[in-house]
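In what follows, structures are represented as structure tokens.
Look at the two complexes coming up: chain A is in both, with chain B in one and chain C in the other.
For the complex of A and B:
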């Protein structure tokens, strides 16, 4: 797993109050009890702050699972000017 | 399929009705968005200074969320007039289906993108989901003080469900109501906190419409506030249309000259008030020296209507003093004002200025019935 996955997993574990080990790429609002609309927003804000990106409405809506969120952040980081 | 937020148009109405049906299945009758794409209250049009507009989050042919913006002009002390919007009635499919957990964030961010000077009001407390979401987005939250005056103590003690939620407390309140000790305690507390003003130079009358005299009052009293939504005659005629009979408009004059006004009405039936008739001092406006006369006139009008309890939310320190000095008691407030980051910047120093905000139940989306 990538460094981005590790960081997002740690954020999600902290926000949703679950052990990091229980989170994998398929984890989603359907599988994590505390992943509601408020925690979704908190995850968006945490990602924006940690990775220095501003997520568009379309990107926020794509974050349907941890795996899709990781893919989204990785693509944004690759596209960012170095 | 992507979710796109767009203005609510007539072609969305069937999908909004389906959205409402899905939310209602969750069991909360309040989870319902406007069936009509044209707001029944404050529809946009002409040169109106205040209007409502609705937005829907559309996924294919389905609606997954919706919200309203009440656009209005707000006076900020020392900084003039600004267009500000009230974010209201946000509803998300995420309430019933976690697949749509992102919709709440999309709605709030969309509203902020459309109007960075944004606020929300009410929300039922700072611990409620909408308030928590706005806090996460950097909004500043402050509770608008709640005041009440018991007109009929016996009925208050028997019916006030919010105070009777524990069995032992309900028994004590029954005893207090039966023996008259409760009546004595409430009347004493209200008397100790002040008596109503009865000055012969003040007079109150019910009016059907606001006219030029309200402009004079707006210009005069707005110098005493740090923030207030516009309340000139034109705006007041839009907010309190003459055909709306669920409220009374009270004009208070001193020696024949307009000194202030108040809007009063009977609140909708609410489980927490039992079978009590609850009157509300919905809105009011005056210079500080005339505020007690306005509170007295509003209170007197509601007492004549036979109410058991009178309630009001007031933020300005001169109004809170006027209510406290008119026999009103302060209670816990769940009426929350949340200002976006940009609005908070405009209202700096926020902590100091908030004592001079003029916010009542008439602000936000409370009118025309939910006050």
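For the complex of A and C:
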């Protein structure tokens, strides 16, 4: 698993109040109880702050699972390395 | 730094200490984690653990209500985590979007039911004054001026309503100037352009704040400018989540609020202990000598001079400076007093510990010498090892983290909220000089055979005054800051004191003390509440630097006498013990009060005024407001 995955998993664990080990790429608002719209915004903000990117409304829509979120962040980091 | 300080290991340690019930270690590690990795995700973790700890630690409880026209929810965890750094247990109430007017003008609103200690009013210019923002270009100059006047009047009405229903502090955000004025560069050519009118409203907000006790301005427009308006905002988040502030600026917003909340919660530093080598100057005096150390207007000495200027500014806010340095005292003092680049000289320091001893031990001695609690001391040192050591040995001391390079030292001090003050009184600005007088007193005391001879020599004069507009801010400040000789430790805001003074039966006195060495200023407060034939001492406190010289007896004697004169038959008062007010514990029994009631939170003492009076000490001359001398 990638470094981006590890970081996003750690952030998700903090925000959703679940152990990091219980989170994998398929984790989503359907599988994690605390992943509601407020925590989704917090996840977006945590990613933007940590990786120094700003996500568009379309990109935020795409973040339907941990795996898709990781893919999105990796593509943004490749497109515009910090 | 050891590996246990990386964030993942810190989390493991925190969980371990939480499960073992070792809450102090867990708290220290949570603070360390927050310092290492502040951000939205960490804030969520930290606040969830703080919720487990809050009842097991000594934290200052503080309730903040946020009235707003935009999304602030993601800032709240950041704010609570930041507050925990300063040992504040912050409870936050966020009002509904744009309900601030109803909340303020309705005495029964959820705002007032929450009973906040402080309220922030954070409203965007666009929401409050759409005519001055979105619709500006289509309006006549007359329309826009009227719109600006209307907004200014709103603030005055809100402030007046708020004061009617609440004694909490109110923090008003100033309005932000438009990033893209409708008239382009033309806007800057007139005082009554879009930006000009917003600035006029901001001046009006300042006048409103100045006209009411406990109302303050947070200069939101300047805050944005400091970080850059284009970077501060995130227009897409505004559209999808009503959040106008970009992710990286949520923490700066929280920290700006903390600059108000820390002093409001009384978590300020009264003194700052500084290191010398590579902190006040570049280099090591013992090795590089006077000619080798760097401090002056040019690089690399300029960064150290900038820090000294920041420290000098702190002394003008009444914050004491002290030195704690591992050096030969002669070398160090020569550099301090003779080096041409030094802005600070030894007279600017209230205490000096220049030796080869352990820093935490030296800091303890400085606290004792200045008569200041360890939790009112801050510590500044370039060396991370020393900081870590002090943090571990003296967790109450507020250790300031400085960046790697000296260029950032001055900003680290200037940005630290523990040095913020909401009011500045004459007493604050003279404090360093007062401590110098105090050293002379201590010297004199040693040359007398008996305490009584020394008291006579001191020629103390105590001036008692009922509360007035002039003394009210100082009275509130003393109730906020006095920890040691304070019988009830009840904290009051200026607005609360003003309200109390309006009620019948309440007598509020300040006491000012002078002696042959100088003027101590207003150093004591007594609040007496008449209830029929009984007079209760609601508050009785004196600054610790004059305790033990019988002034406390003089103040009590005056209160007992004036209560008797008003027809009271009994003088009663609670002693409510805290971690710090042991010096006041024997005060009532020493003055022949009898124990009337014992409760878990404290003891009630009573003096029968028909049989006892408190003897007035012969070595204190009393001056009362009427000009009469006892």
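In this section, the second predicted complex is superposed on the first by the 80 of 82 C-alpha atoms of A that agree within 3 Å, B and C clash if a C-alpha of one lies under 4 Å from a C-alpha of the other, contacts with A are read in each partner's own complex, and residues count from 1 in each chain.
The working rule: a residue touches a chain if its C-beta (ideal position, glycine included) is under 8 Å from a C-beta of that chain, and two chains touch if they have at least 3 such contacts.
Please read these numbers as outputs of a predicted model, since none were measured by experiment.
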| item | value |
| --- | --- |
| First (chain B), second (chain C), both or neither touched by A:26 | neither |
| Touching partner for A:57 - first (chain B), second (chain C), both, neither | both |
| Which superposed partner A:38 touches (first chain B, second chain C, both, neither) | both |
| Partner chain(s) touched by A:11 [first = chain B, second = chain C, both, neither] | second |
| Touched partner set for A:49, first chain B, second chain C, both or neither | second |
| Common interface positions of chain A, toward chain B and toward chain C | 38, 41-42, 44-45, 57, 60 |
| Residues on chain B engaged by chain A in the complex (per definition of touch) | 2-3, 5, 92, 94-95, 98-99, 101-106, 108-110, 129, 132-133, 136-137 |
| Touch list for chain A against partner chain C, complex | 10-12, 14-15, 17, 38, 41-46, 48-50, 52, 54, 56-57, 60 |
| Touching residues on chain A, where the partner in the complex is chain B | 28-30, 35-42, 44-45, 57-58, 60-61, 63-64 |
| Complex contact set, residues of chain C against chain A | 8, 39-42, 44-45, 48, 73-74, 77, 234, 236, 239-241, 243, 246-248, 250-251 |
